[in-house]
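Each of the next two complexes has chain A plus one other chain: chain B in the first, chain C in the second.
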Partner chain A sequence: MTLLWYAATAWIFLSGVRGLTRSRNLVQAVGCLAVAQSSTYVLLLGIGYRSGATAPVFGDMAPGSRPVVDPVVQALALTDVVVGATVTALLLALVIQIRKRHGTVDPDELTGLCG
Partner chain B sequence: MTRAARAALFWVSAAAIAAGLLWSGLALPRIGTADHPYGSRAVAASLARRTANAVSSVNFDQRALDTLGEESILFAAVLGSVVLLRQVRGERRTHARAGYVLPATRLLGLGLAPVTAVTGVYVVAHGALTPGGGFQGGVVLATGLHVAYVALDYRALRRVRPLAVLEVAEALAAGAFAALGLLGFTAAAGSYLRNVLPLGTFNDLVSAGLVPAFNTAVGVEVASGISVVLSQFLFQAVEMEETDGA
Partner chain C sequence: MRLSAAPAPWSDPAVLLPLGIAVPLLGAAFMAAAGRHMPRVVMDALTTALTAVTVVDLVLLWRLTGSGTVSAFMGGWSMRRGESVGIVLAADRAGSGMALLVALLVLAVIVYSWRYFDEPPRSHRGTFPALLLLFEAGMTGFSLTGDLFDAFVFFELMGTAAVALTGFRVEDPRPVQGALIFGVINALAAYGALLGIGLLYARTGELGMAQIGARIAEQSQAHTGSRAPVVVAFVLVSTAFLVKAAIAPFHFWLADAHAVAPTPVCMLLSGVMVELGGYGVARVYETVFSGPGGVPHAVFTGMMVTIGLLTGVVGALMCWQQRHLKRLLAFSSLAHSGLFLVGLGLLSPDGSAGALLWIAGHAGVKAALFAVTGMLLDRHGSVDELGLHGRGRDLPAAGVLFALGGLALAGLPPFGTALGKALTEEAAAERQAWLPVVFVLVSALTGGAVLRAALRVFAGAGECPPSEGAGPETTGEGEEPEVRDPRRPVPRPMQAVAWLLLAGSAVIGLVPALAERIARGGAQVTDRLGYLGSVFGTAGHGAGPAEAPAAGWTTSGVLLDLLSALLAAALAAGAVYRPERARALSAPVAPLRRLHSGHLGDYVVWWGVGVAALLAWVTLAR
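Presenting the complex of A and B:
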């Protein structure tokens, strides 16, 4: 079970990286980067999981009545999501600029340096 | 490098990385174990500070400095997108044409917009009590604004979107988070971002000290920041037109 979880994380990460190396379109490459990054969510939530536990929120549950999962990695996953979304927005803005300057979004055609 | 050579290089590297990750996975703690030293301490600290949502307690109290860095990244990314997505030579602005929208879609949008706005405010305000908080609620709030674009058209969005206000609100909210942290120095043996406000009653709307204040600042920043970024992308997509000789 444990090894399967880590294997799934590695598989998602490597799928994203494979897409990055094969991509003929920068918009798709940004999507592949998001896939590679999303493997970290799986890893974080797996590390913080506790069998039979519920969310670490005591709004409608007496503290100590049930085991809860690790809130530290959940906070890290939240940071991960926010940073991932902002970086994706910034990269897509860069892709739009590249399209304007060079007239292409195929990374293989972006060979010349323009001063 | 040819595409075939690149693919070969990928498979060799991927095999090595996969083997390394699986090998380290064997040495990592088992999934689902009951032993979580950091988690148990974070939950105890969260309850001691009367914060019902332990994740919010970690984000906005115990590790508030990390969240300051996180919202700075958000602020910098919004700023970077605005700088990158400006009008360049060889482009001109056009007037967005009115789009045809089915009356049923229009009605659904009009009904959904207030519901989304209330949900967003609820998620931000209850960040210290129930799942959610400034980041999640801010995204919901920005979505509520863009229902105008989805259910009506771009011109309707431009009418209801106070872009100048949102740009100022984003900067003010980002600054407010950093400034609220200075309150931490007012306590005896104080430090930056220390939770110094009275903690209140556990599970009350106003409890957990500074956590609701930080949540509100982040909620405003995320809602306005996302709206500003989307406004730049929509500006490029809808209003910008390439002219000849670009």
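Presenting the complex of A and C:
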């Protein structure tokens, strides 16, 4: 079961990387980056998961009365979401600007920087 | 040393450590919100004051680290019986030194850009200082954190701020393209690092670097837990920092980003951000992976020396071929970053001390060279070596500065670059006697390329070779000037900053007491037990690392330095006065140039190839 989590993580991450290498559209490339990132959510949640446990919110239950899932990974995943949203937004803004200045979003046609 | 009585605020790491990150971070938020409501003079003065406060704070912290690592848990979540869920900040001479270097360079950049940019539109007035301060907070945070997940967050913070700064002039076609490549590659590498950090958390239940390291060692002694997650995590985390350090084959983004970023941003990217990557690799390896159950020292050293040398050679060859001045300087940073990694990867106090001195000296020199390039761009709207042929004659002082910078880059004593290079060479020669040869050749080629440009641009020497259209090439023509009126005289602050930066590099080489203090960081960065002891609160009082590494000039070191400076001058003269021979030499390098295609997909493939190669190396070499 644990191995399945890791396998899924690797599969999602590598799908994103594969998409990045073959993409002909920068919007799609940024999307592929987001796919690669989403593998980190899967990994983090998989690490903290305990079967039969509940959410680590102690509003209506006494601490120690029931097993809870690891709250640390949820904090990590939340930080990860914020980081990912910032990066994706910034990169998409750059893609818009590339479309305006170069008239294309195909990486194959962007040849201004080489050698 | 923590005394029983509460220490004064100026000698309390629990105050100084967080302030080094909080001041620029809060300053950035304030500038972004309030920048548009204040006149530019007030905004510049305020930004300068905030950075100066950070510098003072980090100087105090740096002084405090002379006898070992200092650390502080945030929010009062301190260690109890060897366990804590808190987040720890920790600084030794090396970490606080990197943070101090960041703050000094940011201060220089802010003064440099007082008169640099156009008057920005009113609604965006606070954006540039806010981004600079955010960038600074990311870099100081990365140097001072003792927590691996926080290292990832600060890594992303500095990456994102750097991407935004690279693409700051959004109306230009090239910067947005370079910034996108930079952003995608860095983000991909960072997500890989996060996967690695997740694996380490799954394995050890800890996020602090010292805590993970201690737990891996415990589990190894108890023979529990498999080794695979540790190896994969090592490769993924190291790769992210190697991308930042622009180590081959992860280096492709660097030249594209540096060539297009605004000049003040280039000064920071080349001067200190790239070097932070190398520091991160050494720091994380020492604290997390160097104990029992981690990655053996011999494997790590072999790997770092190999890829460091590869980067040095690739960077030097590419640097020599460039005519776009910023790109030329970018490839020189890349070459030097590789050599720094060799010094740090040796894992010896002497090698690390040499690398740290070299990094400090290089930061001043490289920032000064970029500052002069900014003056050229300011005056002539071009950074093309051939197009500017002889046109720099009206800036004689800048020409002298540029040539001196080239010689310092090649390793002319008494600059800090020369001292660091000599010490690193000596440490490297203990491993392989031929390593100094590579150091001398790489330094000579990069310094020689700068000298060649100085001769052509500022002295108008030699024939102007025809700009041939064959092969992949990025010329420096058609760059947008970054100022409104190119005919004004070069502003005084820009000139003063350039000279001060170069002088700072010379001071490191000339003042033995300063060099000796920086070199002590080399002993501390390799002192795993000292770092762990500080975080766990079990450090023996006064039991610092055995001895500070030697940081003086030696005869053989000075001779090798002079040799590479002479070689650089000879190469430059040869290229300028015998251009046809120099051109014959460039044919074999053409395939290497074609690899630098500027294509996003290609760079991602190279990243994947690099990760796979490192993974295979660590797995097979044990």
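What we mean here is this: the second predicted complex is superposed on the first by the 112 of 115 C-alpha atoms of A that agree within 3 Å, B and C clash if a C-alpha of one lies under 4 Å from a C-alpha of the other, contacts with A are read in each partner's own complex, and residues count from 1 in each chain.
What we mean here is this: a contact is a pair of C-beta atoms (placed from the backbone, for glycine too) under 8 Å apart; a residue touches a chain by one contact, two chains touch by 3 or more.
If you're wondering where the values come from, they're calculated on a predicted model, not measured in any experiment.
Novice: Looking at the overlay, does A:111 come into contact with chain B only (first), chain C only (second), both, or neither?
Specialist: Second partner only.
Novice: Does chain C touch more residues of chain A than chain B does, or is it the other way round?
Specialist: Of chain B and chain C, more residues of chain A lie in contact with B.
Novice: On the A-aligned overlay, A:87 touches which partner chain: chain B = first, chain C = second, or both, or neither?
Specialist: Both partners, chain B and chain C.
Novice: Is A:40 touching anything from chain B or chain C once the two structures are fitted on A? First, second, both or neither.
Specialist: second
Novice: In the superposed arrangement, does A:22 touch chain B (first), chain C (second), both or neither?
Specialist: Both partners, chain B and chain C.
Novice: Quick one: is A:30 in contact with chain B, with chain C, with both, or with neither? Answer first, second, both or neither.
Specialist: Touch partner of A:30: chain C, not chain B.
Novice: Quick one: classify A:9 as touching chain B (first), chain C (second), both or neither.
Specialist: both
Novice: Quick one: classify A:97 as touching chain B (first), chain C (second), both or neither.
Specialist: both
Novice: For chain A, which residues lie in the overlap of the chain B contacts and the chain C contacts?
Specialist: In chain A, positions 9, 13, 17, 21-22, 47, 72-73, 79, 83, 86-87, 90, 94, 97, 108 sit in both the chain B and chain C interfaces.
Novice: Taking the complex as given, what residues does chain A use to touch chain C?
Specialist: Residue positions touching the partner: 9, 13, 17, 20-23, 26, 29-30, 33, 36-37, 39-40, 43-44, 47, 72-73, 76, 79-80, 83, 86-87, 90-91, 94-95, 97-98, 101-102, 107-108, 110-115.
Novice: Which residues, counting only chain C, touch chain A once they are in their complex?
Specialist: Chain C reaches chain A through residues 85, 149, 153, 156, 159-160, 163-164, 167, 170-174, 176-181, 183-184, 187-188, 190-192, 194-195, 198-199, 201-202, 207, 255-256, 259-260, 321-322, 471-474, 593-594, 596-601, 604-605, 608.
Novice: What does chain A use to touch chain B in their complex?
Specialist: Residues in contact with chain B: 1-3, 5-7, 9-11, 13-14, 17-18, 21-22, 46-51, 55-60, 63, 67-75, 78-79, 81-83, 86-87, 89-90, 92-94, 96-97, 100, 108.
Novice: Could you please specify the touching residues of chain B with respect to chain A in the complex?
Specialist: Interface residues on the chain B side: 3, 6-7, 9-10, 14, 17-18, 21-22, 24-26, 28-34, 36, 38-39, 42-43, 46-47, 52-55, 57-59, 63, 66-67, 70, 73-74, 77-78, 80-81, 84-85, 88, 91, 126, 129-131, 133, 135, 202-203, 222, 229, 232-233, 236.
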